[in-house]
Amino acid sequence: MGSSQVWLNLTLNTLALASLLAMLTIGLTLIFGIMRIMNFAHGALYMLGAYSGIAAAQLLGNFWIGLLAAPLAAAAFGSIFEYTLLRRLYRRDGGSFLLVTFGLSLVLTEAIRLIFGPNTRDVDLPSVLSGVVWFGDEPYPAYRIFLIALGIVVLASLAFVFLRTRLGLLIRAIAQNAEMTHALGIDVQLIRSLTFAVGCAFAGLGGYLAVPLITGYIGMGGAAIIDAFVIVMIGGMGSFFGSAAGSLLVALTQTFGNYYLPDFALVATYLLMICVLLCRPGGLFGEQE
Amino acid sequence: MSLLECRGLTKKWGALVAVSKVDIAVSAGEVVALIGPNGAGKSTVFDLIAGTTQKTSGTVAFRNEHVEGLSAAALTRRGMGRTYQITSLFPSLTVLENVRLAVQSCEPRRAYPLFSRLLLERTTEEALKWLHRVRLREHANTLAGLLSHGDQRLTEIAVALAMNPKLLLLDEPTQGMSVEETRGTVELLKSLLKDTDMAVLLVEHDLEVVFGLAHRIVVLDRGRKIADGLPAAVRADPGVQQAYLGAGHVAH
Amino acid sequence: MKYAFPLFSVLALAPLVLPGFHVTLLTEILIFALFAMSLDVQVGYARMFSFGHAAPYGVGAYVAAFALSSGNLPLPGAVLVAVIAVFILAIPIGWLCTRASGVAFAMLTLAFAQLAHAVIFKWNGLTGGSDGISGLLRNHGPWGFAGLESRQGYYWFTLAIVVGSAFLASKFVRSPMGTAIVAVRENEKRAVAIGYEPRRLRLAAFVISNTWAGLAGALHAGFLLFVSPELLHWTLSGYVIVAVVLGGAGTLIGPMIGATLMVVGGHQLSAVADSWPLFMGLLFIVVVVAAPNGLWGIKSSIANAIAVRKAGRLEVDHVAS
C-alpha cells in the first residue's frame, strides 16, 4: 500500500469517526447551550440507542428499522427523565445536574446489562452497506462512506435549522438570555424540553450507527461520554460549530495517532484538551469568561 | 489634607448625568452623611468612592493617594471599609466565624498558618470583642444566615469594623429595620464612634438617623451638591427644603 | 463528636473478636472512607466538583507499589514517599485546574485523570500496563515492623492513619484557612472584598484533598499488595463522588458513612441481587434530588426537628407554669 493510499484511508477513517463523534456531541452541546446542563447520562443514552436499535433491527430483520428506533427510544427516555427529574433542579447549580445525570447513567447502564445480558451484540448490515467502494484500485468499506455522507447531511440540516429558521433563532435566543426570551412570551420550557429530546435522539442515533464499527457492549456509553466531554470542552461548551470542529480534531488525533504512534494516541487526545483549555478556557469556539 | 478628598466627581450614563462635579471631603474622626431625595445620585457617589462604579471624570484621593480604579480588596487593604445595602455575609458560617474572617484578613499571613492555635485564639478573641461591642455576643455561634435581618445588619457592621478601617462607608445601615431596631442601631453606632478617629461616610434616607449621627451633612439633588455644612445650617437651608418639598419632610 | 471515642474503641477491638474476612472488609471500608473524606475537602467545603479523584488515589497506589517493589522500602516509608509524590504532583496540576471553575473544573480534573490513566495503561515497561503490579510485599525494613504483615496488624495501621486523618481534617475545616475556603464558597465577591484570594484557597483545598487521596491510595496498595490501572479509571472517581454526596458533602463524617455504605452494599448486596449499581444509582438520584445534604443531612435535620420540638415543649411548660 503506497503512502498516498494510506493517507486516503486515514482521511476517510477520520471523517467517518468525526461523523459519529459529531452525532454524539451535538446533542450534548445543544443541551448545554440551552439548559446549562452537562448531561453525564448522554453516554448511557447513546448505549440505550445502540441496544434498542439492535433489538428493533433483529426483531424485524431490518437494519433501517433500527435507525428509526434508536433515536426514538433515546428521545423518549430522555424526555421522561427531563420531565420527572431535571425540572426539579433548574434552580440549583451545575454540580447538581452533573450528579443526578451521573446517577442516571449508572442506573441506565446497569438496567441495560440486566435486560440484554453482558455479551457484546452486533447487527447485520444490509448488502448495500456491507460491501466496499473502490477508489481507483483501493477498496474502502461502504458503511464508512455512508457514515460520512450521513454526518454531512445531519450537520448541514442542523446548521440550517440553527441559522435559518425561527426555531433556531429561539434556541440561540434562549442560550443567550433565557429570562429575556421568556419575557417576550416564548414558551422557554417547551423549547428546552424539545431540545433535550432532540439532543438525546442524536445520542441514540450515534450509538446505533457505532455498532457496526465497535459492536454494542456494556461500557460503550462510558467510553463515549468521556470522548464527548473532551470534544465539547475543546470546541467550547454550548457551541454548535465548536462541537463539529472538536469532533474533527479528536477524530484526526485518534485516527492518525493510532496509525503512527499507537501508544500515544490516547494520551494525545487528553493533552490536546488540556492545552486548548489552558490557552482558551472557554474552548475554541466558546464564550471566554 | 482630608482623609478622603473627592473633587469634581462626575458620572454619566450615556446622555444622562447621574452625578455632576461633586466635591466631598471627609476628615479623620468626622461623620459625614450624604443625603438627598430619591434619584439625587447619592448611591452613585457612594459607588464611585467605593470603586464599584467607574467615574466619568473627577478624582478620588484617600489618605493622599489617588485610588481610582483600585479593586475592593485593594481599598480594603488601604483602610477603606464598607457595608453593603443588601446584606452580604457568609450564611452558613457562624457569626463569630464571619467576624473572625475579617480580623484574620488583617493578619500578615491571612489564611495560611494551617493549624496555628495561636492565630486562631487571637483572632477569635478579637472577633468576640467586636461582637460584644455590637451586642451580638450571645449569637456568636449562630449561623449568620439564621439571624434576624436587624442582627445581620449589625454583623455586617461588625465585619467592617473588625478590619480597623480609617474610613467606614455605611450604605443605608438601618435599611429594612423596625423603628425600634433603628433607634438601637443609632445608639450603638454613636457609642462605637465616640472615642475613635475613624471617619464615617453614611448614605441614609432616614433623616432621623442622619441627624442623630452626622457631624456634617452633604445634600445632593439631581446629581449636584446643593448644600454642605453643619446639621443645623443644612436644616435651615431654603434650597434644601425646596429640594425635599413634596418628596418628604425635613425632620422636625 | 461525643461518639468518636466509643466508636474508635469498638473499631480498635474489633479484630480480636471478628473473623478474618470481616477484618479485611473493615480495612477496605476504612481506606475507601479516607478516600471519600479527602474528596469532601474539595466538594463539600470548596464546592469544587472534581471528577478525577481517582488520579491521586491511583498515583499514590502506584508510587507506593514502586517503593515497595523496586525501592524495597519498609511499608510506612513507601506510604510516606507516595504521599510526598502526590503532593508534589498536585501543585502544578491544581494550579492549572483552578484556572477554571464549575463544570469546566470538573472536566479538567477528568481530563488529567484520564491522562494519568492512559499513561499508566500504556507505559508497559514501568507500570506493567493493564496487568498492573502484583506480588508486592509489606517489607519490614531496618526497624522491623513485622506486625504490619498480618491482617490484623495492617488493619490497626490503617485505623490509626484514618482516625488521625479524620481528626486533622476536622481541625482543618475549622482552622483559619478552612473557614476562608468556606467563605469563598459562600460569597466569593465578599471574600475578595475583605482580602482573600479565591484561587490560592482553591488551590490549597485541591492540594490537601489530593494529598489525602494519595495517602488512601498508598494504603490500598499495601492492603491488596496489587495495583492496576483500574485504580485510575474514571468510574472510581464517580463512585467516590457518589459516596461523598450520598453521605452528605461538607460534613467529613457523612462521606465516610457514604463510603461504608457503598463498600458494604457492593459486597453484600451484589451477592444477593446482582444489581447493586442499579440500587445505588437510584438511591443516589433520590438523595441528590430530594436531600441535597445527604444521609447525614437527613439525620441532622431530624435531630434539629426533635430539638426544636423539645424546646417548644419546654416553652409551653414554662408558660403553663
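By written order: A, B and C. Residues from 1 in each chain.
We take it that a contact is a pair of C-beta atoms (placed from the backbone, for glycine too) under 8 Å apart; a residue touches a chain by one contact, two chains touch by 3 or more.
Bear in mind that the values here come from a model prediction, so they are computed numbers and not experimental data.
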{"item": "Contact graph of the chains (line, ring, star, complete, other)", "value": "line"}
{"item": "Farthest chain (mean CA position) relative to chain A", "value": "B"}
{"item": "Whole-Å gap separating chain A and chain C, where each centre is the average of the chain's CA atoms", "value": "33"}
{"item": "Between chain B and chain C, centroid-to-centroid distance (C-alpha), Å", "value": "44"}
{"item": "Rounded Å distance, chain A centre to chain B centre (Cα mean)", "value": "54"}
{"item": "Of all residues in chain A, the ones touching two or more other chains", "value": "none"}
{"item": "Two or more partner chains touched - positions in chain B", "value": "none"}
{"item": "Residue ranges of chain A touching chain C (in the complex, touch as defined)", "value": "38, 85, 88-89, 92-96, 98-100, 102-107, 109-111, 114, 222, 226, 229-230, 233, 237, 263-264, 266-267, 270-271, 273-274, 277-278, 281-282"}
{"item": "Residues of chain C touching chain A in the complex", "value": "47, 49, 51, 96, 99-100, 102-104, 106-108, 110-112, 114-115, 118-119, 121-122, 234-235, 238, 241-242, 245, 274-275, 277-278, 280-282, 284-285, 288-289, 292"}
{"item": "Residues of chain B that touch chain C when the two form their complex", "value": "71-73, 76-77, 82, 84, 88-93, 97, 100-102, 104-106, 110-116, 119-120, 123, 159, 163"}
{"item": "Residues of chain C that touch chain B when the two form their complex", "value": "168, 171-172, 175-177, 179-183, 186-187, 189-196, 201, 204"}
